[in-house]
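Heads up, there are several structures right after this.
Across the two complexes that follow, subunit A remains constant while its partner is subunit B and subsequently subunit C.
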Partner chain A sequence: MAGSLPRKRARARFVYLGLGLAALLGLTLARGTTLGGGILTILAAPEFMRAALIAAIPLLLAALGGLISELSGVLNMALESMMLIGAFVAYTASDYAQSPWAGLVAAALAGMLVGLLHAFFTITLKANQIVSAVALNLFALAATALGFRMLYASGVFVSAPGFDALSIPFLGKLPYLGTAFFSHNILIYLGLLLIPVMWFILYRTSWGLTLRSVGEHPVAASTMGINVNRVRYLAVILSGAVAGMSGSALVSASNINAFQENLSAGRGFIAFAAVVFGRWNPIGIFFGAILFGLGDALQIRLQAYGVGVPYQLLLMLPYLITLIALVAFMRNARGPAASGIPYSDEASS
Partner chain B sequence: MTLPVGAPAAAIRRLERFSVAGRDAVLELRGIVKRFPGVVANDHVDLKIYSGEVHALLGENGAGKSTLMKVVYGLYRRDGGEILIRERPVDLRTPQDAMALGIGMVHQHFMLIPNFTIIENIVLGLRSRRYPLLKLDEAARRIQPLADDFGLKAPLTLKVGKLTVGQQQKVEIIKALYRGARILILDEPTAVLLPQETEELFKLIEKLREGGVAIVFISHKLNEVLAISDRVTVMRRGGVVRTLDTFDSSPAELAEAMVGQAVDLAVDKEDCRPRGACLEIEDAEAKDELGVLKLNGLRLTLKAGEIHGLAGVDGNGQQTLVETMMGLRALQRGRILFGGRDITYSSTAERIRAGVEHIPENRHTEGLVLGLSVTDNLLLDVFEAPPFAKSGWRQFRSMNERAEALTRDFDIRAPTPAIEVRKLSGGNQQKVILARSLWREPNVLIAMQPTRGLDVGAASFIHRQIVKARDRGCAVLIVSSELDEILGLSDVISVIYEGRIVETRSVLETNLSRIGFLMAGGKPGDVPGNPPGPVPPRA
Partner chain C sequence: MSEGARAKAKPVRPRAWSKLPIASVALSLISIATAILIGTVMMLAMRFDPLRAYAALWQGSFGNVIQISETLKTAVPLLLCGLGIAFSFQSGAFNIGAVGQMYLGALAAVIVGGQFPGLPPPLHIFLATLAAFVAGGLWALVPALLKILSGANEIISTILLNYVGIYLVDYMIAGPIKTGGHRDAPTSWPVLEGALYPRLIPHTQLHMGLYVALAAMILLFVVMHYTTLGQRVRIVGLNPVAARHAGIRSNRVFVLAFFISGSLAGLAGASEILGYQSRLISGFAPTTGYDAIAVALLGGFQPFIVGISALFFAGLQTGAVAMEAIAKLPAQLVGMIRVLAMLAVLAASSPRIVSLATRLRGGE
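What follows is the complex of A and B.
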């Protein structure tokens, strides 16, 4: 028994080493063929990394939002609805006000509203957290489609004003890195900045400790004078604000700054999975999001390059990569102990 | 035996009468009433606690002790009465109010977050000087002296889940004191402790008492109350029976006040007359559901007509052992013989048919189907066999007759056997399980925690039934974390540690401290101050 763990670790190291060697061998062989060589050139270009980051940020924001909620003990599978409603509201508001900032703020507010609903259903009414989320997701899909058709019946693509790219002085001029990382719009920087900010709040402030305690052991938290349901309400609403902003990021991720029906296309669910993949840690979540982003950027390039595979299959790629990663690495993932369990004051008797 | 043992050997009776003179009444309750739907949990309770006093609240489960203290701690809102702290009436609404008034409480089930470090658990809910920053290192500097003082030897950055139960309790006490508690409520603090840990706790209580802290010690264990308290308030059915000086009271007097009638505390039984081996487990190896090896070459022999007690700290393989005996979990190695026949690969149903019965540890999740009637639960293992079913049709008449007879014989207090078993009290629910496992006169009875959470009346009924089964020739295995129960009931006691039996001895040749030492991982050869040989099993 004592020796089994190190042995397992040693075996895992062999597997990774083998995989690495196989990948290296594959790349060397691929360079020889025209198709492989072409794809490798694409992957090596800074635009590839840039596109991956742009695709990753909406996911990152949604997942960070989900994290806040889940650490407080409320599963937030309603991320999809927050993202989709956020995207729709961001688009319409920035179109009407002719300012992308108005869109961002409106998206956050709309997300908070969805969060408030989810909180009311799951905390006050103690409804099943998954069922509440499914209902909200279905509602969001239908409501945004309806709203979009009513407001933009002409079917003409209207581009809303978007955030301009902001090249960071000096850093933006670096070869490769400048294009890949330092010439994005402001939302991308904000999203990345949110990672250390969230980490600090979660692990270095009383607020973070309170939040985590409520998700781990609500009864213990309440004996220490913490109002469990209040903390959970705030967490789910805040979660909605961040996830709502992910909708704004999603709109601006498409170069044309436009909305279309089901724009989120299940990304909210990927974000939900990214929370698990990131082991309930902002930094881990970033890697989950970037993995999806890389897959997304790859499939678009493969489509454009014409690899002779139906594009529907290529569209599956980022989801497939996420799924495989989730299954491969997440066997012993352990979340907040009280996650998914409604809290009631009299349960302590 | 006339008394349940359980007091540590070093505990001393109070040597002098407690004097109220010169002390302040730090906490006073006047006519506290607390109702829950359908029950009055506290019925006009009066209580007065002085500084530097260890005040025991003694009573059976459900007497209202914990409820009363949860009212004091602000977890429950009182429905009537007054609370006075240092002679000033106060309005306690939340635990925060209570903490601000210097009241701390250590709950029976610790309110610690296993995944948090010791410091995080202690500062949770408090504001640091630089709020909202946590500043854990600053807090650690202030907590460390307290930790040293109370002999908490673990580093403060260790996760609480990694501590022993005794250490966790210290963290709880430090948590309360760090918040400035001058009145400390300990709810059944010894229920989860090893005898050695209990001793340490008692020393700690002594220390706090000398420091002027008032301690409310909730317990249903007479000898502990006698050992540690200055005064005792006995509660029964939500009310106070009386408050007396520990110095003047006798165990029998307290017990009588507790249950309202003179009770015989002993488990009456004749000497056992064991016959041959009935169930043998040879070199068993088995893993639990997480794949952790829980039985590691365990050998155990149960004899017909003998009660075999299995003592051990929870998690040393008891659960897995019982599961493998019942065919609920496969053995990796070894075998199980029943009357000489190999039943290692027999199914659970085959074992039940052969007369191996089982009282599971958790009556709600394993023992009963809460949504079914008492009748259905009583016949859960035989409902599809004649006479309760004929060619697939259930025979309600014979089922009802049997259920009526069993509720009568086993004193199951239900308005009708058709009622959902969920609606019965814990004691009556346990009697349903007992009746189910005993009425067909099994050859082997495996009972896990058969009286956990029950009051003295129900527990002694269950004990008598188990002894009766033994006298009939049944082989009994009792797995219990209550050493009192094991010592009082068993003829032979085995100690289990890390999946092996460390020692098997007749109850006459062992005692509490020896068992405690072995439970904690000591070797039989190293037992301090206990030369092998007959030692009276009294503390």
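What follows is the complex of A and C.
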């Protein structure tokens, strides 16, 4: 494998060239069929950046959750289920308690529960981490659909109370930045704040070091007296809490503050991808999330603008962008060394 | 070290026995029983009569010839996709993209099946099916090649491509191959009479796709157990490093596993369209490709048990209608039982439980 690396790279270069050409072709084609100037106006408007940020935050939260788990050596493809269950629970709890904060807390708790399940399957039972996630995702899809039909039999959209927009005193008045960045609901600020907080915890505290050592070299960590599986359990449950909150952000990202079946629509998987092409780094993950947010916002605006491209093709855009980013940034990407491998104490068994 | 001692003390199982997947069957049955138990508890908690519900489930899925053929018809795409997933998972290639591959197969089937009016029926059927086979396979090659060329994780890319495939079908039936339907619910052109699969039992929708699926099942079993290809696939899946030392080109196996698994999903798409739906509509099979993962999992990735597992899941699906109509149960509850069965099989087939079971059976 090591010997074929240069050749692999040369081949990869061809792929990028091809992708670049395809993108260029797409761009010129789009230009030929639409008013290029109109699109540029859309892109320059502060509302565009604003929408992109709103769409990015659920992904950011889910991906940060995924990061915790993956640094500890447990792949968390169950993010999709944590997000979907989080969204459902956030919606119902904030509807029943008439408070969005109740929704947020409930979503975090529900996410922790899913995390506990994932941890039980993958750490205690040593089940395949991918298969466990696939099962949990299907479980989330069925469980939320069942719960939603039972609780809201009418099928009529009921808006739950959401977080109010919070304009930051001075910054909110700035010409472009005010609308784009400083007049969001509190969840958006919390999400952004979590980036440095998470970075600090993971890379500057002893607990973060313990977590990463468990993901890199569990045997060495165990020799140091660290209980590997306990750290992993904690990491996966914590991961569920953060990813569960992404469900709350997802509900409040929609204008109507409502839940619908399969609301997450694959965003958990995109978050899983964002961890990889964000190189297991909170800041990189933020750029991954914002990339998807931009794609999502662009897609919605192009639909509304009527660019002549069928809307079905525009809907592909966020997924295609993620795919291209995955291909472009996957090269040399290296995750935690022990990621995906269950750990067992030889001595104790 | 106890591992080594156990291996030495126990003679290597004769090959013929290991091919009989008794352990898998037992695990699947235990899982199903667990799921039914949890389902019963849920029904009691929701104040439904479980006996009535299960009677309705049985009536609605295997009660008479019509219901049985309906169940078999539902099992066909589940089995085809499930076989493909089982094959890819056994080779360590995690293809979660059966949804997209199935959609592409259906698209190819309706394009070829709706054109060429002069063709003799057997040839037309063959060509439309072949088109679906190839389309599904090619769609699966995209993530396989991306993985080999750039290292892009195949799980993520197959899932992303599912969405791309779904929207591609939506686009095609609203534009290039549209005829009729409402503006909000467009449909593709119909498949011509000559390309439709013949029906097996009069007055039912059971079609020739059943034979296709059964043939695929037997073929896959033979490939897995009696060919060098199957052996290579399993070695790569079990231990990629050992496979490399044995001179197996794992990239080639990876690509092939993806192609075969995608083309089987493509066949599932063809069986839906050429078998009974006869035209393509948006969301014609939204969850089949994901349900098939559960089918493969419950079947322990072994062709024949995957067949039984497909029948079980199909029975739950067709029986759900009767449960809803007769026992007034929400259909989603049945969906839950389906998923619980999967979680139970996941737990039961995990290495920890399996090793425990072997220890109990093997004694010291």
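Just so it is clear, the second predicted complex is superposed on the first by the 312 of 349 C-alpha atoms of A that agree within 3 Å, B and C clash if a C-alpha of one lies under 4 Å from a C-alpha of the other, contacts with A are read in each partner's own complex, and residues count from 1 in each chain.
By definition in this document, a contact is a pair of C-beta atoms (placed from the backbone, for glycine too) under 8 Å apart; a residue touches a chain by one contact, two chains touch by 3 or more.
All values reported here derive from a predicted model rather than from experimental measurement.
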> Taking the superposition as given, does A:R149 touch the first partner, subunit B, the second, subunit C, both, or neither?
Replying inline: second
> Of the two partner chains, subunit B (first) and subunit C (second), which one does A:A337 touch, if any: first, second, both, or neither?
Replying inline: first
> In the superposed arrangement, which partner chain does A:L209 touch: subunit B (first), subunit C (second), both, or neither?
Replying inline: first
>> Quick one: is A:I270 in contact with subunit B, with subunit C, with both, or with neither? Answer first, second, both or neither.
In response: second
>> Just to be sure I read the superposition right, which of the two partners does A:V134 touch: subunit B = first, subunit C = second, or both, or neither?
In response: second
>> For the overlaid complexes, name the partner, subunit B or subunit C, with more touching residues on subunit A.
In response: C
> Looking at the overlay, does A:V327 come into contact with subunit B only (first), subunit C only (second), both, or neither?
Replying inline: second
> Once the two structures are fitted together, what part of subunit A is touched by subunit B and by subunit C alike?
Replying inline: 1
> Given the complex with subunit C, which residues does subunit A contribute to the contact?
Replying inline: 1, 8, 11-12, 14-15, 77, 121, 124-128, 130-132, 134-136, 138-139, 141-143, 145-146, 149-150, 265-266, 269-270, 272-273, 276, 310, 312-313, 315-316, 319-320, 322-323, 326-328, 330-331, 333, 342
>> Give the list of subunit B residues in touch with subunit A in this complex.
In response: 36, 67, 70, 73, 75-76, 94-96, 99, 105, 107, 110-116, 120, 123-128, 131-134, 292-293
> Can you list the residues on subunit A that touch subunit B in the complex?
Replying inline: 1, 204-210, 212-213, 216-217, 219-226, 337, 348-349
> What residues on subunit C touch subunit A, complex-wise?
Replying inline: 46, 89, 94, 96, 146, 149-153, 155-157, 159-164, 167-168, 170-171, 174-175, 244, 287, 290-291, 293-294, 297, 330, 332-333, 335-336, 338-340, 342-343, 346-347, 349-353
